[in-house]
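Per-chain numbering from 1; labels A, B, C and D assigned in written order.
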Amino acid sequence: MFHGVVPPLCTPLTDDGEVDTASLERLTAFQLDAGVHGLFVGGSTGEIAQLTDTARDIALRTVVATAAGQVPVLAGAIDTGTLRVLDHARRAKAIGADAVVVTAPFYVGVTEPEVRAHYELLHAALDLPLVAYDIPANTGFKLPHALLASLAQDKVIAAVKDSSGDLEGFQRVLDGTAGSGAGCLTGSETLADLAMARGADGIVPGLGNVDPHGYVRLYDAARRGDHAAAQAEQRRLTALFGIIEIPDRTRIGRMSGALGAFKAALAARGVIRSGRTQAPLLPLTADEVRAVAARLDAAGLG
Amino acid sequence: MFHGVVPPLCTPLTDDGEVDTASLERLTAFQLDAGVHGLFVGGSTGEIAQLTDTARDIALRTVVATAAGQVPVLAGAIDTGTLRVLDHARRAKAIGADAVVVTAPFYVGVTEPEVRAHYELLHAALDLPLVAYDIPANTGFKLPHALLASLAQDKVIAAVKDSSGDLEGFQRVLDGTAGSGAGCLTGSETLADLAMARGADGIVPGLGNVDPHGYVRLYDAARRGDHAAAQAEQRRLTALFGIIEIPDRTRIGRMSGALGAFKAALAARGVIRSGRTQAPLLPLTADEVRAVAARLDAAGLG
Amino acid sequence: MFHGVVPPLCTPLTDDGEVDTASLERLTAFQLDAGVHGLFVGGSTGEIAQLTDTARDIALRTVVATAAGQVPVLAGAIDTGTLRVLDHARRAKAIGADAVVVTAPFYVGVTEPEVRAHYELLHAALDLPLVAYDIPANTGFKLPHALLASLAQDKVIAAVKDSSGDLEGFQRVLDGTAGSGAGCLTGSETLADLAMARGADGIVPGLGNVDPHGYVRLYDAARRGDHAAAQAEQRRLTALFGIIEIPDRTRIGRMSGALGAFKAALAARGVIRSGRTQAPLLPLTADEVRAVAARLDAAGLG
Amino acid sequence: MFHGVVPPLCTPLTDDGEVDTASLERLTAFQLDAGVHGLFVGGSTGEIAQLTDTARDIALRTVVATAAGQVPVLAGAIDTGTLRVLDHARRAKAIGADAVVVTAPFYVGVTEPEVRAHYELLHAALDLPLVAYDIPANTGFKLPHALLASLAQDKVIAAVKDSSGDLEGFQRVLDGTAGSGAGCLTGSETLADLAMARGADGIVPGLGNVDPHGYVRLYDAARRGDHAAAQAEQRRLTALFGIIEIPDRTRIGRMSGALGAFKAALAARGVIRSGRTQAPLLPLTADEVRAVAARLDAAGLG
C-alpha cells in the first residue's frame, strides 16, 4: 500500500473558512487523473493543525468518497498525546481511511522510550496500519532511525514518512527497515530522485498538489532505473518549487508561505476556487499571488 | 481576577486512565483551604496535551463545581491552531470557566503577525477574558514582550502567564503592560519571590499543587514588602522543588518527571489516590516514588 | 578577589583598527575613579573574538599598567581548545593578569567529561586562579551547575562568571559552590540587584563600561541590604540598557549592536575617541550613533 | 584546483601530544599513493580547534613538504574573527598552502552582512584562493546559498566546502555558483555519490583518511557516469563509516568519537603510530579501539 506518489492534499477553503468540498473533489480527481498511487489527507500541507475536528472529518470523507477505492487513502492523526491521536485515528477509520499517519508526541518534550510507548499503544488499540511521520521541524523530536527500524521489524508500524530533510538519516531508515515489509516514503520535494535511487518506496511531495504529473513521471523513471530522466524531471520540479520563496518571510511563516503558494498555484491552474489558508496562517498578498501565477505560466502549467 | 497564587492543577487519574474526579475534588478543596486565589485547569501541568477533549471537560467541570465561585477558574485552551483553540474555549465557557489561557500556535512555525492574528481572532470571537501563555519550550515560539504589551494595551488579552524562565523578559512584559490593567503572572516555582519583587501580580507554580500553603505565605510576604520572609519561603520551596530531579532523565522526559513527582507527592500527602500519569508519559519507578515520599517527609510534609 | 563590580572593558580602536591605548587608559581610569572592584580585559565585550593575539596582549598590558595594582585584573583566555587557551593564559600571566577567565571549549561539540578535563588540565598547568565563564549563547554548551559546584569544591576553579541569563541556574550555582570559597559573579546588566539578593558576590556588566557609577551604587545598596535603593538603581540602568536595542538587527548582530552601542556611548561621554568596532562586526550607522547619544543626554549622562 | 577527492587529514600525535611528523608523512604518502587529488590540512578532522598555532604550522609544513607539489594543499584558517583568520592565512601562505579554507565567524553571533564583510575583507587582504567552509553544526551559522552564489560570482571565493549535511541546500549552492568557476566540494562521507550525481566537483571525506582508495574509486565511477558502481562503493563506505558509532556518546563527543575512530583505524592499518587525540577530546577506551580494529578486519582493511 505504501509506494508511489502519495500527495499530501491541500484542504481548499470557502470564503467563510469552511472546507470547500467541491474544490477538494476536483483536486482529488486531478490527482487520480495524473496517476498518483495514494492520497494523504490531513498532513501538515493539509493544514491539519489549523482545522477543527469537524473540518478534518469533512475533508477526509470527501476524499474517501471521491477516491472510491481507486487508491489507498492515508489520514493524518496528528495531535499532542496518545489518547488524542487515538480519538482522531478511530474517527478516520470509521470514515474509511486505509492507514493513519502519526508523528511523535509534541508540545511536551518526550524521551525515546515515551515515543516508543506512544506507537506501541496506538498499534495495540487500532486495527489500521500505522505510518510513522518524522517531521522534527514541527514536533521538536527526530525519530531515531534505530527506533523506526525496531518498530518496523516488530510490525508496530507499517511505513515511515520522512520529512526530516536528512537524506543520510533516511538512508539509515531504509537500511534498518529492510526486510520488515515497511514502506519508506520521502517527504522531500527536491531530493525525490535521489531518495528513489537509494531505495525509497515512494514520495509524499507537497508540490505534488500542483504538478502530480511531474512526480508520477519522476517516479516511473526512477522505477525503471532511468536516473537521467528522473534527474531531469527533478530539476524541473525543483525550479517550480521556487514558488515557495515568493512570500515575504518577515510576514508569513515558512509553512504559511509554502501552503499559500501551493494553493495559489492550484487556483491559478483552475483546480481549486480560492487560495485562502486557515487562521492564523496569513494569506499571500495579491502581488505574491500574481507572482506565483506568472511562475506557473513560465513553467507551462498556467 | 488575575492575581495571587493560581496553581495549575494536576489531573489525577484512575487506574484505567480516566479522570479521578474524587481525587480532583480533594485536590481542589486542598487548594482552597490553603487560601489560593484562583485555579488553573488544563495547563501543561494538568496534562492537557495528553487528555482527550472528554477528559479535559470532565476535569474542568469537576473543578468549577468544587470551587463553586469561591475563586476564579482559568481553563487552558491549548491547541495548534486558532479554530481548534476556539472550540476548546467555547466548551470551557459553557462549563463555567472565568477565563481561558492560550499559547502561541504550535506544530507549524508562525511569525509574529500570525501570532497577533491568532489572539485578535480569539478575542473577537470569544466573550471571555484571554490570558496569553508564554511557554516557548513547548511551543517553539517566544511571545515577544512588545507584542504582549501591544495586545494588553489594546485590551485583546487580560493577562499574561510567563513560563519562559526568562526573568529579564518578564521585566519587559511588566514594564510594557503597565497601566493596561492586564495581570502578569509568573510560572516560575523558584524565582517567584523575585518576580513578585519586580511587580508580578501572581504566581502559577506547578509545585503549588504539593505545597499551596508555602506559596500563599510567599505571596503574602511579598505583598507586604517583607523580602526576607518571601526569600526564606522561596528557599524552602526551591529545596522542595528538588523532587523533580529524582526521576531518571534518560527514561522519562522533563515534563513527565516533574508531573510524576508532583503526583507522587500529592499521593504521599494523601490528597490524591494515585500518582499515575497519562500516556505516553512514563510513570516514575517504585524507587523514585519512594524517594519523593522520603523527601516530603524530610520537609515535614509527609 | 572575586567580588564587587568588575566591568568587562571595551577595547577602543583607532581608525586603523589598532588598539587605541590612550582611550583604553582613559576608560580604565574612568572605571577606577567610579570605584569598581576589578577589571575584566578580553571578554566578549572586549571583542576578544575579533582581536589578534597581538592586540589582546596590548590591551591587557595597557590595563595592567594603568590599574597598577589598585584592583585585580582578570584576563579572558577564550579559545576553542585546551592548549590554545593555555597559550593565551600563559601570556596573560606574563603580562600581569591576576586571574584568567575561561569558557567551555567550542566549535567542536564536547561532553561534560571533556569540559571537566578542559578545566582540570588548565588548573594543573597554570599557576593562576581560573574563572569558569558560562556563556552558552556563544559556546553552545551550558556549564552544568553540578559540574561548576564540583570544580569549585575541588578548588579547580576560583570563581564563576555567569552570562547564561538563567537566574534559576545561577541560584543552583550559588547553592552548589557555597562553602567552597569560589566567587559567583553575574554577567547580567538587568537582573544584577536580584542576583545580589540571591547571594552573588559581584557583577560583570557590559553596560558598566558606560555607567560604572550606577553599578557601584547598586552594588553598595545591595551589600547593605537596601533592596529598594538597589532596585531603583537597577530600574534606571535597565532603562539605559535600552541603547542596545537601537541598532538595526537585520544588519548587525546582537553582540555587534550591543558593543557598538556601548562604544558609541563611551565616545559620546568623551571617555574614548571612537565608537569603531573590529571586523567583521559592522559599525552603527550615523543615525544610530546619534540616537545613542540622545538617549545618554536624556539620562543625564551626556 | 578544487576537484576530486581531497581528504581532511587527521593530525597524528605523539604520546606527549606533539605533532607526530613521521606518522603524518606516512599518512600523506598513503593518500598520494591512493590517488587523491588534493589534501586538506587543518580542518575540523585535523583537530585544528585543539592545536596550538605552532602545532598547526608544523602539520602544514609536514604535508606541504611531503606532497611536494604533486597535489594542491588546502589549509584551514579557522578562527573566531576576521583578523585572527588573516593571521593564520598569512602563515599558511608563507608555509606553502595553495588555498585557505575559512568558516563563518563564530563565538559571537553574526548577521549575513557581517559574514559577507568577513569574506570580502579576507579576499582583499590575501593573495590566495579562498574556500568558504559551511559547517553550521560548529559555527552556529548556516552560510546562505544566495550569499555563497554572490561571493562566487564576484570571485571573492574560489570554492565551497559544504559540511552542512543538507543536500537540498548544496543543490542550491551548485545552481547558484554555476558558471562562476567556483568548485563545489561536499564534506559528506555517506552521500558523496549523490552529491557527485548532482554536480559536485569533489569530496572532502573524513573517512577518506582511512580508506582513500574507496573514495577515489567512487569519484572515478561517478565521473564516468557509472551510478551503479558509485552507489555500490558508497554503500561499502557507508558501512565502514559505522565505526564512528562505536564510541560511547555519553562520554565523548560526536567529533571526538569520529576522530578517535578514524585515528584508531589508521593506527590499526599501520599508517600512523597512535590513535591519540588532543585535549580536551577524550580518547577511545581500549575496548572501543579493539572494536574499530575488528570492524576494519571484517571490511578487509585490517
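To be clear about the criterion, contacts are C-beta pairs under 8 Å (C-beta built on N, C-alpha and C of every residue); 3 or more make two chains touch, one makes a residue touch a chain.
If you want to know which protein each chain is, UniProt gives these names: A, B, C, D = 4-hydroxy-tetrahydrodipicolinate synthase.
A quick note: this is a predicted structure, and the numbers were derived from the prediction, not measured.
With contact taken as defined at the outset, subunit B and subunit D are each touched by A, C.
Over half of the residue numbers at the subunit B-subunit C interface are used by both copies of the sequence. The chain with its Cα centre farthest from the Cα centre of subunit B is D. Think of it this way: of B-C, C-D or A-B, only one pair shares over half of the A-D contact pairs by residue number, and it is B-C. A separation of 35 Å divides the Cα centre of subunit A from that of subunit B.
Measuring from the averaged C-alpha position of subunit A to that of subunit C gives a distance of 49 Å. In subunit C, there is no position where the chain touches two or more neighbouring chains simultaneously. Taken together, the touching pairs link the chains into one ring where each has two partners. Under the contact rule stated at the top, the pairs of chains that touch are A-B, A-D, B-C, C-D.
For subunit B in complex with subunit A, the residues that touch the partner chain are 17, 44, 47, 49-53, 55, 78, 80-84, 87, 105-111, 113-115, 117-118, 121, 137-140, 249-256, 278-282. For subunit B in complex with subunit C, the touching residues are 165-168, 171, 188, 190-191, 194, 197-198, 227, 231, 238.
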